[in-house]
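Two complexes, one shared chain (chain A), two partners (chain B, chain C).
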Partner chain A sequence: MGNIGADMMEAGIPTAADSLWTRLRHVGRRTAAVLPMLAWVILLVLIPNLFLLFYSLWQNNIGTVAHVWNVENYRTLYGSQVFQILIRRTFLIAVVSAGIATLVAYPVAYIVVRKFGRFKTTAAILILVPLWFGYLMRVFAWRIILGQQGVLNSFLNSIGLTHGPSGAFLYNTPSVIMTLTYVIIPYVFLSTYAALDRVPRYLYEASSDSGASAWATFRHVVWPLTRPGVVVGFAIGFALAFGDYITPALVGGLSGTMLGSIVLQAFGTADDWPLGAAIGMTIIATGLLFLALMALFTRLEAPIE
Partner chain B sequence: MNSLPAENTPTLAERAPRGSGVVELASVTKMYPGGEVAVRELDLVVPEGEFFALLGPSGSGKTSTLRMIAGFERPTVGRISLANIDVTERPPYKRDVSTVFQNYALFPHMNVRENVAYPLKMRGVSKKSIAARVREELEQVSMTGYEKRLPHQLSGGQRQRIALARALIARPKVLLLDEPLGALDLKLRESMLLVLKRLQREVGITFIYVTHDQGEALAMSDRLAVMNKGSVEQVGTPTEIYERPATSFAAGFVGKTNLFHCTLQSPRLARAEAILMQLDADVRAERFTASIRPNTIVVGEQSRTLENRYSGSVVDVLFLGHEREIIVEVNGRRLNAFAPGPGTGKQDVIGIGDQIEIGWHPSAAVIVEETGTWET
Partner chain C sequence: MSSEAIMLHRRRGTRSILARFSRISVAILGGVLVCSVYLFLYAPPIVTAIFSFNSNDIQTLPFAHWTFRWYTALLNDPQMQSAIYYSLEAGLTAVAVGAVFGVAFALLIHRLRFAGRNVVQALLAAPLVTPGMVLGISLLVVFRSLGILPGFLTVVVGHASFITPLITFIVLQRLRTTDPTLEHASMDCGAGRIRTFWHVTLPGIRLALLFACLLGFTLSMDEIAVTYFLAGVQGTLPVYVWGLIRFGFSPEVNAAFSLIGGGLLLLILGTTAVVLVATRESRQSMHVQQQREQEGAAPASLEGGAAAS
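After this line comes the complex of A and B, so read on.
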């Protein structure tokens, strides 16, 4: 008991015996260490979002912003039939694309981690290559594939399955889901790959040694240990899809319009910043709520050594 | 199954004629993709109920051998059979063996009970009998009361016990232990050695124990195989290997020894550099290597009656407690010998630089290699 004070002093923790000046210096040092990060969060996250919040509570006055505080924007928004359809559709599109992306990326990550041996890093990088190309290009590629003069149409024509170009593949909800799924896959892969890569080989061996087949090992050992990574990947995918406006603009058409599209309109052609801000706030709030919900499933019972 | 012969009975090897082993390796070779050969043409028969140790330095192939028996690695050439069934192509989960991993490999998200119950659960045993068996097994390793703990809440020694319980609960034919005490401190190692030995006696399962610690291997095993560079140098009981090492590697790795590279002068007389020594066996080779254990070298006046006696100067004295290790230089050659510790009343004070007499009986020299060339 007697040398707790000495221990604390060694550990650099101030004790009652220290002077006020020493203690202040200690606090100062600690604050200085977190200051850059704090500045980053305040400048780049907090302030822009506060402005967004303010705008959503101001009023549009024929293209200019009147600094009158009210919730009119939200009232108009939530009363609108179109908005309700859009938010439901956007949510559905985001959940479905993130879901499909997860169903594709997780098994791929499992195969890469388990079967590629020393080539697994190379394989992982190859899968992440699309991230190096511009977002716009990746989405545009799908227009080339799905369009009336596109790769899919000419292929189906050449094998005689269709006659003449078909517009059925582009400008609808499925084409948006397909494109977004493609865009999201690398992100989900990254998250699930990292989770799977953390499960050491000896746990697979210990499970197999205990009489568990590969499937039983997956169900009882691998899945419980990687579930948080899968959920994080799914959540990232959801957030990316939920606020997206490029994909619906390029391959969505009318039935593929999403919330992001009308944010773009509000800030652009409609020149109604407060309304756009209100939609933006809605997207952020929904996203945060969903992420909070997902966080419930990311709890890992114990650390992997 | 429980009729284990008492320790030090050298008959165990004789009782294990070829073909009756619970584990058999027939000319097993393991080559890794890089072309590196981990195990070379290994033949091994381990009879049921034996405590068998694979002893060797790192890179000797002992862990590769163990992993092939477990099924984590497939031999490049050769067959492995368990209880007379060829299991070479079988995955680990279809083999009746269990492994205690060096780092325990407990499932971090399962508590102690779930970890220990896992092998039974995988075999479809009913919940009720699993609960009873888990209780029994935890009692065996004195870990009752820890059921709800997660592995990261346990100490190294406790994890070790849980790993043991998990490996034993399904009563495998063979238990494989991969340097199981490597991560424990000395005190804990000693108590775990006793636990392991007692468990093996009680459950009567064949243990195959991999270690680089010759003390552990000698203390624990009924028989052991000394491995070096992927091959077995010698298989035998601890006494056999200690007293009659077959190769200079076995002699040097199991216990301390003095190795002499000799040329035959006349029958039963050999010369190693400036040292002439009498032998009590006929040697055919012109050149051979002899091993003389430090404990067979007599130090002081008692050596005067011996055929091989020399005088030398003391280079160093190491105090080991119950005895002293003395390094003596004889005709330019340094030898290790043991002398009783002070207080035993048998020995005078020996100091560095003293001239002393040492000697050994001709039978103390064990011929370990009869080769034309010496590895130096």
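After this line comes the complex of A and C, so read on.
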């Protein structure tokens, strides 16, 4: 009996010999088992996103929400010059920082996997360790480094490259891009490392035995197999950067303001939640669109086996 | 030897020198790249740690002199202390919630094949990948509509929403590599579902669960993007620090960062070490067992059990 129960638990299919009642009870029990998970997903994922959508369609009435349905918020947003500049800048910042992070992390992951031998796990962990120094610290430290009286300025002054403190390194778009790149690199590394580590060594050997150069091996064997990992890493980096409001607030200044900054404002001092929700929906939509686009590139041409 | 052959030989010689040269320069470039990435990644924490000992009020080089002033100021700051306690409380509660639901969900996904399983799985994982700000405001609008004011409950729910899928997927990964016949054997021997879970399933996933819980706890202690929207009057540690650095600045913050970073790092490295050692030991014991079986010392009952099932 216990055995059958175990098998049923595994397969979840009642046998043909069972009566209709047993089958119904079985289906009922399975539904009951799945219910908590269904409830969790509905309560914590579906409803919040749905409510955010509702909020974006409601109106702000001096700090309270009027339940009038229309697309006024979106019209205000997309009609505003400032918002258009911001959305373009946010997209640019996210793409550039995720792109740089990928261009840096992928070669490093390749070198670590191929050349570090039995130290490769240690080397990989060392790249991930900074993730645990705290998000705020990783962003804030750049203010100490890039600031007017910061480490970089002192260093450049002491070697005579610049004279006097320069404010050119902080509170602008490049400083936001650099800080976001810094934040993103470990994530992209993790994704690309996992992909590269799964490529078996004999594929490299077979390729070079067949007379392929190192470049040809990379181009025709390694790249097609690891491309999905690279794309996933890039997409994660993009999402992290696109929705960030900590980095622009700490190192962005005025010219480094991003979409997240005005969401923070809308839910804070401006107290216009419906408008903030509309920006939130814009961020979600952009993220989903980007993911769908990326999914086109993640199809493996051949499975690793 | 004809002159043509000599030319060919020479050309080959130069080409191999060129090839070697380019190979060496590629190797040097690769080395420089790897070193500079490590330097880039570690410069901010090191700079922060050094500046936490700087007695100067303004963050500037050269140092005035070394001091522990900021650490003592930090430990005597009652607001910082209450923020730390609040963070610990919220984090531990969220991890406890996440562990219970995470293990349950992992077992469900692992054992039951039901319609829409992949959809539910993807939706469950969604809070892990959505930007913190979006997760924060989407939960906030629900809480406001329900009339729940931001506070401990909202912070715990916010953190549990991403810790639970984290624990689910790490435990699920472990379940997929465990041997299902162990559970069948336990049930064959007359143990009920609960006893089987307690004595067979849980010990099998214990380490993965521990690792996932600690990972979730470090994420919770560090979380700012979601928490900022969900915290009420009393902020968690990152929210309090965020308030300190956003507009003004106090050098205390560097000391706080150094302590938080050091603590989280010790926690996660310690866990990783424990997990690595434990998996190696279990692998070794499995190896020994396999050897014994190959030597013919395998207990007959084991084979009998396999045949029966």
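Please note the rule applied: the second predicted complex is superposed on the first by the 265 of 305 C-alpha atoms of A that agree within 3 Å, B and C clash if a C-alpha of one lies under 4 Å from a C-alpha of the other, contacts with A are read in each partner's own complex, and residues count from 1 in each chain.
By definition in this document, contacts are C-beta pairs under 8 Å (C-beta built on N, C-alpha and C of every residue); 3 or more make two chains touch, one makes a residue touch a chain.
No experiment lies behind these values; they were computed from the predicted model shown.
J.: Identify whether chain B and chain C fit side by side or clash on chain A in the overlaid structures.
T.: By the criteria stated at the top, chain C and chain B fit after superposition, with no clash.
J.: Contacts for A:Ala270 in the overlay, against chain B (first) and chain C (second): which applies, first, second, both or neither?
T.: A:Ala270: touches no partner chain.
J.: Classify the contacts of A:Tyr202 with the two partner chains as first (chain B alone), second (chain C alone), both, or neither.
T.: Only chain B is touched by A:Tyr202; chain C is not.
J.: Looking at the overlay, what does A:Met294 touch: chain B (first), chain C (second), both, or neither?
T.: neither
J.: Where does A:Ser210 make contact in the superposed view: on chain B (first), on chain C (second), on both, or on neither?
T.: first
J.: Once the shared chain is lined up, is A:Ile125 touching chain B (first), chain C (second), both, or neither of them?
T.: A:Ile125: touches chain C, not chain B.
J.: In the superposed arrangement, does A:Val221 touch chain B (first), chain C (second), both or neither?
T.: It touches chain B, and chain C stays clear.
J.: State whether chain B or chain C is in contact with more residues of chain A in the superposed arrangement.
T.: C
J.: Can you work out, in whole Å, how close the C-alpha atoms of chain B and chain C get once everything is superposed?
T.: Scanning every C-alpha pair, the shortest chain B to chain C distance is 11 Å.
J.: Could you give the residue numbers on chain A that contact chain B in one complex and chain C in the other?
T.: none
J.: Quick check: in the complex, which residue numbers of chain A touch chain B?
T.: Contacts found on chain A: 200, 202-203, 205-213, 216, 220-221, 224-225, 300-305.
J.: Over in the complex, which chain B residues touch chain A? Could you list them?
T.: Its residues touching chain A are 70-72, 91-93, 97-99, 101, 103, 105-109, 118-119, 122-123, 150-152, 166-167, 170.
J.: How about chain C: which of its residues touch chain A in the complex?
T.: 30, 33-34, 37-38, 40-45, 47-48, 51, 58-62, 101, 104-105, 108-109, 111-114, 120, 123-124, 126-127, 129-135, 137-142, 144-145, 157, 161, 164, 180, 183-184, 187-188, 190, 218, 222-225, 229, 238, 241-242, 245-246, 253-254, 257, 260-261, 264-265, 268-269, 272, 308-309
J.: Flag every residue of chain A that touches chain C in the complex, lowest number first.
T.: Listed in rising order, the residues are 2-3, 5-7, 9-12, 30, 33-34, 36-38, 40-41, 44-49, 51-52, 54-55, 104-105, 107-108, 111-112, 115, 125-127, 129-130, 132-138, 140-145, 147, 149-151, 154-155, 182, 185-186, 236, 239-240, 242-246, 249-250, 260, 263-264, 267, 273, 276-277, 280, 283-284, 287.
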